[in-house]
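Both of the next two complexes hold subunit A, though its partner changes from subunit B to subunit C.
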Partner chain A sequence: MGKRSLALLLMLVFATSIALVGCGGSKSTSGANSVLVFAQGSDPRGLDPAYVDDGESAKIMMQIFEGLVRYKPGSTEVQPLLATEWTTSADGKEWTFKLRKDVKFHDGTAFNAQAVKFSIERQLPPNRKDDMPYAEFTFDGITKVEVIDDLTVKIILEKPSATLLANLAMALAAPIVSPEAVKKHGDKFIENPVGTGPYKFVKWDKGQQVELVQFDGYWGTKPKMAKVVYKFTKENSVRAADLMTGSTDIMDGVDINDIKALEAKGMTVIKTPGMNINYMGFYTYKKPFDNLKLRKAVSMAINRQNLVDYLYQGNAQLPNTMLPSFIPGYAKEVKPYDYNIEEAKKLLAEAGYANGFEFTAITYSNPRPYNPVNGEKLAAAIQADLAKIGVKMNIKSYPWKEYKQVLNDGEGDAYFYGWIGDNGDPDNFLMLLETANIKGSLNSSKYSNPKMDELLAQGRTTLDPAKRVAIYTEAQKIAAEDAPWVLISHSIDMAAHRPNVKGFALHPTGVHWLDIVSK
Partner chain B sequence: MEANIEVKKQIKANGHVHVDKVKGPFAEFVERFMKSRSAVIGLGILIVLICCAVFAPILAPYNPYESNLPIALQAPSAEHILGVDELGRDIFSRILYGAQVSLVVGVEAVTLALFFGILLGALAGFYGGKVDTAIMGVMDVMLSFPSILLALAFMTVLGRGIDKAVIAIGIVSIPQYARIVRGSVLSVKENVYVTAARAIGNNDRRLIFVHILPNVLAPIIVRSTIGISEAILEAAALGFLGLGVMPPTAEWGTMLGAGRQTIFNAPHIVTFPGLAITLTVMAFNLLGDGLRDVLDPRLK
Partner chain C sequence: MLKYIIRKLLLLIPVLFGVTLATFMVMHLFTTDPTEIILGQHATTQRVEALREELGLNKPIYVQFGDYLSNALQGDLGKSVITKTSITDELMRRFPATVELALTAIFIATIMGILFGVISAVKQNSIYDYGTMVTALLGVSMPIFWLGLMMIILFSVILGWLPASGRIAIGMQPETITGLYLVDALLTGDMGAFVNAFEHLIMPAVALGSYSTAIIARMTRATMLETIRQDYIRTARAKGLTEKIVIFKHALRNALIPVVTVIGLQMGALLGGAVLTETVFSWPGIGSYLVEGIMVSDYPRVQGAVLLVGTIFVLVNLLVDVLYSYLDPRIQHM
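The block that comes next holds the complex of A and B.
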């Protein structure tokens, strides 16, 4: 081959490749206006509500599935969805739901009482499987589901349950699935979800994205965007960069440190109070923190306002009780032991440690949704605060998985931890201080107070909302007085979207609804 | 004849035999060392670093562990010449204290590696045969893993902490020293003086430690100087990955790792520990290079 023909060949190659690149470009931009791209940190674990327990799955499932009821935007109060109305029997053990007419699943199956019975009963004993993480929590106390007629269903409980409605609005376990599709796909339903929601599932490229399209037969208002793509990008900063360049429309999991850059580029950053609590817990069952005065002294030596303002750069709320303020039953008047160094020193002396003392706190080395900096930095900041009253806190830090193990073993004297709420009910937070939950490690402080246990038991079976508020206010007061935890912060959930996106909102439970979003 | 000259040179370099008319070997070493620019620069930086580490409590303007949250992330200023970190701690003070950790880890890890490396390498080189195959086989297996991966594995088993980092990095670098020592021993043991020493009834231990090892010191010194810089770098990598020291201990790699979250709005938090690591590693490398030039008899 002569030089000239070689040159010609090379040119040809270049020209072809340029043309091909052009093709790719035009293809990806065509129809971009009807596609909404949402970037999140990772793949869902699965898309069958019965078998997953993570937020990444919940977000996507909320577009595909619907439950009997749903949360109101911005709060954890409940409103009708697939059920239009409901009544409770006098003893509170029977709930009758009237179902919405003319609702279809994505596969054409009709939504009816049978489907509700199927969805719930596949998660009740004896059908319940070990890998259904939320079945027990969500359907707590349900013994069976009865079909009254095609559009009426009765849920029967073993005891009255105040949290039933809130649970039925959850993204996990509660959504109604198509019985036909579950029978058809079996184990593979987790990758082929079929619900009644505004969007229907198209495909899931593992590690890449999940694609959803508008469901033509949707009973309610049609979604504004024809197609939705959930894209998975692990690094927060990469997700932020993708948003700024316009390859995605909405992202969640915004890093505190990217806010400025995002806002400078004209992106809208949304901040919503999160349904969580970030705390430092004491092991109240053993020395030295079985001593209330000592717990009080340490609590008062920690400048929590400073942590919120500077460690979290203002992107958190200072808690006064473990409940976030939007949860029904939140008690504004409850006061925790606030920052007061002089008082702390006095209490320390009264507790018999006038010359200070030394203890070990265990912590986690990674960021958590309730603690976006990470457990190590939080511990180091508190360590410095405590040094001011002569208390030496040693830090032992572990990666998350290992951390849960050593926490379970009760290593050290204090620990750093947090909680992400499930259903927006006050019980879901306060039960972390229940004696019954010492086993199973939800109550890692091993705090035990019969008064608290009694109040919690009462709250669960009381259906009158006003009475429940009184009960949980009392419980929050006890928790504040006994100080098993130092409440550090409620972290703020953050998302960001491009300026042309309209209607996007984060719900306190961490999910969102894309059918009302347009661009 | 050639072998003879070689022996003379070896002797000279080592100072076992004093010849009056030539300069003493140490004086000659110093003279040659001062001529090597890289060695002098490396040593200069190193002396400054060691002073920083030793006198950190005097030199540091602030307590490296005292956090002052309201000024967190502040950029360098007159009060905090290198700025403050995400907990409001003075970065300059933390870097000074971090020098202690890094130098100690570097030197201790290499000492550990040297001890076992020399022992194993000398045994393998001196005895050869099955001993050689067995020892070097294990060494080759260790060398076939990327050293940082191996160090990570050791850290996972041992847990976090500075002493554990020393052990992990030390063990991982044993094979490198073992190989060098073995190679040198192999060539040195063929020398006539070794045969002579054996002929007059020296036992193996004496042969190895008195007659052979002193003559393989030069490459070991060079290698271990560079080895210290590698150990410092590896310790920093472990710290960056969150397997280093427990907070609040100031360690350069950990500081780097903690600062990467804020790289866009407070770049000084990662810049200065990074520079400190670079400078230290460079100093050891320069010194190592210079020493090689000085100690290599072929370059005389």
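The block that comes next holds the complex of A and C.
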């Protein structure tokens, strides 16, 4: 009898649960209208700006933290944030920032010059740790930070730096943290972030979500939503399913194949040009591509528009220079060597290869943010183009880890690669062609042109924006003429949201601000 | 019996050592160096070297393994190199989610599997038999990943009946007691949370249990067919017992003994399947933690998760052995 009653009980539980589910429907939580749910692909690596370099962390940190300055919507120009104004010394080595009054951290402590000094100096030698990925880049050239008074701080550089402001607007390393909270949480600050932003960190259920609430003591305009939740859903198509069923409000990382289904269900799909460049590079220091005519011929034999239209299904932009169009200094007038088979054949003959030639290109087998289809497919498409002018391109493909190694070793004659911008400054892209960066392996082409080096050095120390535009326009022209790279595409970042969501925009740096979003 | 259990437990040591060694080698030899992931595209040779030194990755591999092993023996699985959090803490936090999913899956698989198996054995060669066995064949052959996505499209997107991902709706988590949401919700009397957690659990559990359901159904059918042809069943029928009693009381009980072994083995298979299921449904358990760890070459994380899964696998098998001799007293472990 005992067994029978157990079986009955089990059946009863089962039946009750099914019945409950049946009438339960998909109830939403109380006050769901004041909660905004943003779905992304995975957990942040951490929420301490000093220790992370991934986009998933950057997005969340931008709601919690603020820097001295921030990017303007839609561009990488900077505007005041925690600093209201700044002046530069005549030699450009000292920057004095006036700080915003009455700003509080989420833990109630006051934001002041001490906090700025603390946030930066914890990432400068000797405090800098090896696993602070962006400390060196973001605070490049800063030797120390001086507190002038409670609301004035001076940043001292070893040499003038025109990229300082752009660096200070970044989501990585630059945001100002609460010194008290860092001291209190120590190693655990990465899971207990405290900043001055419009949203305050509440909790992080690993593998599930991060919850933020409106910060009552926020100095600026109150955020529109009382609560924001970042939900982590690994699969792109499952994230799309969640959006369509209404359990989330906004998602990013939209799969090209899901766009139609999302739009059919009334979702809004947003596309923004990404801050990156996808390219094929030549080793310009060795045969055969030390010959400009050959580089030109190969460049002109590649139908780049076709690659964008078919290989990337229109979800990419055709570049005319290395710089994405929203970066200050982008030169619209610069023209790369465009598709022209006749001219390519002529150049090939002039270079002494009338019957064509053979070379090896190395590539990567995995997708990259700037190349969602992967390097192998891109290489194969280009191989077919080059065959038309009698050039045989052999492809050697490697998994990413090995690829970086063989690329450093300079294997083959050409290579496929890309770059993801950091701070939205033109220098951040053009420095990839600088002689000084051959050693650090950033300049994989080992391209070297004294004129380019001179312009880049000038650009870094010139503070006048108009003069900088002239300098970088010149640099982009040289890059286009010398053709060390064939510029393939700028990839496009995509997000989607439900029809009732208002005010959401993707910033070209990959982040967004949810304080202006409502639903 | 006690001796047997102790012997089995001692056997755990070489097995877990092997698992740890294999995982360690695979991670260190075949994946991207985590320093590349941590430093991103600014990883210059010099910075990579400095970080490798800090993380201890420049030591000879046997020294690294020795260090890892001695820490692991003291219960310290280390810190994630990517998120800097304690692996032991993370595993403990996520473990209940996997347990809840696997137990529900095995519960569904057992009930459905035995039911299907009995039906098709009793109605051998009928349309029911063919129907259930074809379904079972599908269940065995369908990849969990694909099945999961198809279920999401049908039940979430098209029909709108069930949530597509996650463990519970935002803001509905019950107070943590055991970490199993269904249990916690019942204990705290939070019926809203119970229903919501149950809705979230149905699809992943069915997807995860599909393979096991099929295996159990096939096994039950085979042993049932064998049993109902035996003399004592004929005797029971001849006595005039109803068919229901003959099947469920006399035949099924004896037919189930081999099925129990299969169920036990399926528990192990479920842990493997959980890796895929958790990834599809964003279930915050050990499986998804492991997959993400592999993606970012988080050595300590992958090693810790595999070690935990391995330990459970071995312990579950031990439990099955013990249960087996309880169900069938003829089997004695010496």
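Just so it is clear, the second predicted complex is superposed on the first by the 494 of 519 C-alpha atoms of A that agree within 3 Å, B and C clash if a C-alpha of one lies under 4 Å from a C-alpha of the other, contacts with A are read in each partner's own complex, and residues count from 1 in each chain.
As a convention for this text, a contact is a pair of C-beta atoms (placed from the backbone, for glycine too) under 8 Å apart; a residue touches a chain by one contact, two chains touch by 3 or more.
Everything quoted here is computed from the prediction, not taken from an experiment.
After overlaying the two complexes on the shared chain, residue contacts for A:311 are found with subunit B alone; subunit C is out of touch.
In the superposition on chain A, A:303 makes contact with subunit B only, while subunit C stays out of contact range.
When the shared chain is aligned, no partner comes close enough to touch A:117: not subunit B, not subunit C.
In the superposition on chain A, A:380 contacts subunit B only, with no contact to subunit C.
Contact comparison for subunit A: of subunit B and subunit C, C touches the greater number of residues.
By the touch criterion defined above, A:519 lies against neither subunit B nor subunit C after alignment on the C-alpha atoms of chain A. By the document's definition of touching, of the two partners only subunit B reaches A:255; subunit C does not.
In the superposition on chain A, no contact is made by A:497 with either subunit B or subunit C.
Overlap of the subunit B and subunit C interfaces on subunit A: residues 237, 261. On the subunit B side of its complex with subunit A, the touching residues are 65-67, 69-70, 72, 86-88, 160, 242, 246-248, 258, 261-265.
Looking at the complex, you find that subunit C touches subunit A at residues 31-33, 36, 38-42, 44-47, 50-51, 53-55, 81-85, 90, 93-94, 97, 149, 152-153, 156-157, 160, 163-167, 169-173, 191-192, 194-196, 198-199, 202, 279-285, 288-289, 291-292, 296.
Listing the residues of subunit A that touch subunit C in their complex gives 17, 20-21, 24, 26-30, 35, 37, 42-43, 45-46, 51, 53-54, 129-131, 133-134, 136-137, 187, 190-191, 205-209, 211, 229, 231-235, 237-239, 241-242, 244-245, 247, 261, 400-401, 404, 408, 419-420, 422, 440-442. Across the complex, subunit B is touched by residues 237, 255, 257-258, 260-261, 303, 306-307, 309-311, 365-366, 373, 376-377, 379-381, 383-384, 387, 394-397, 399 of subunit A.
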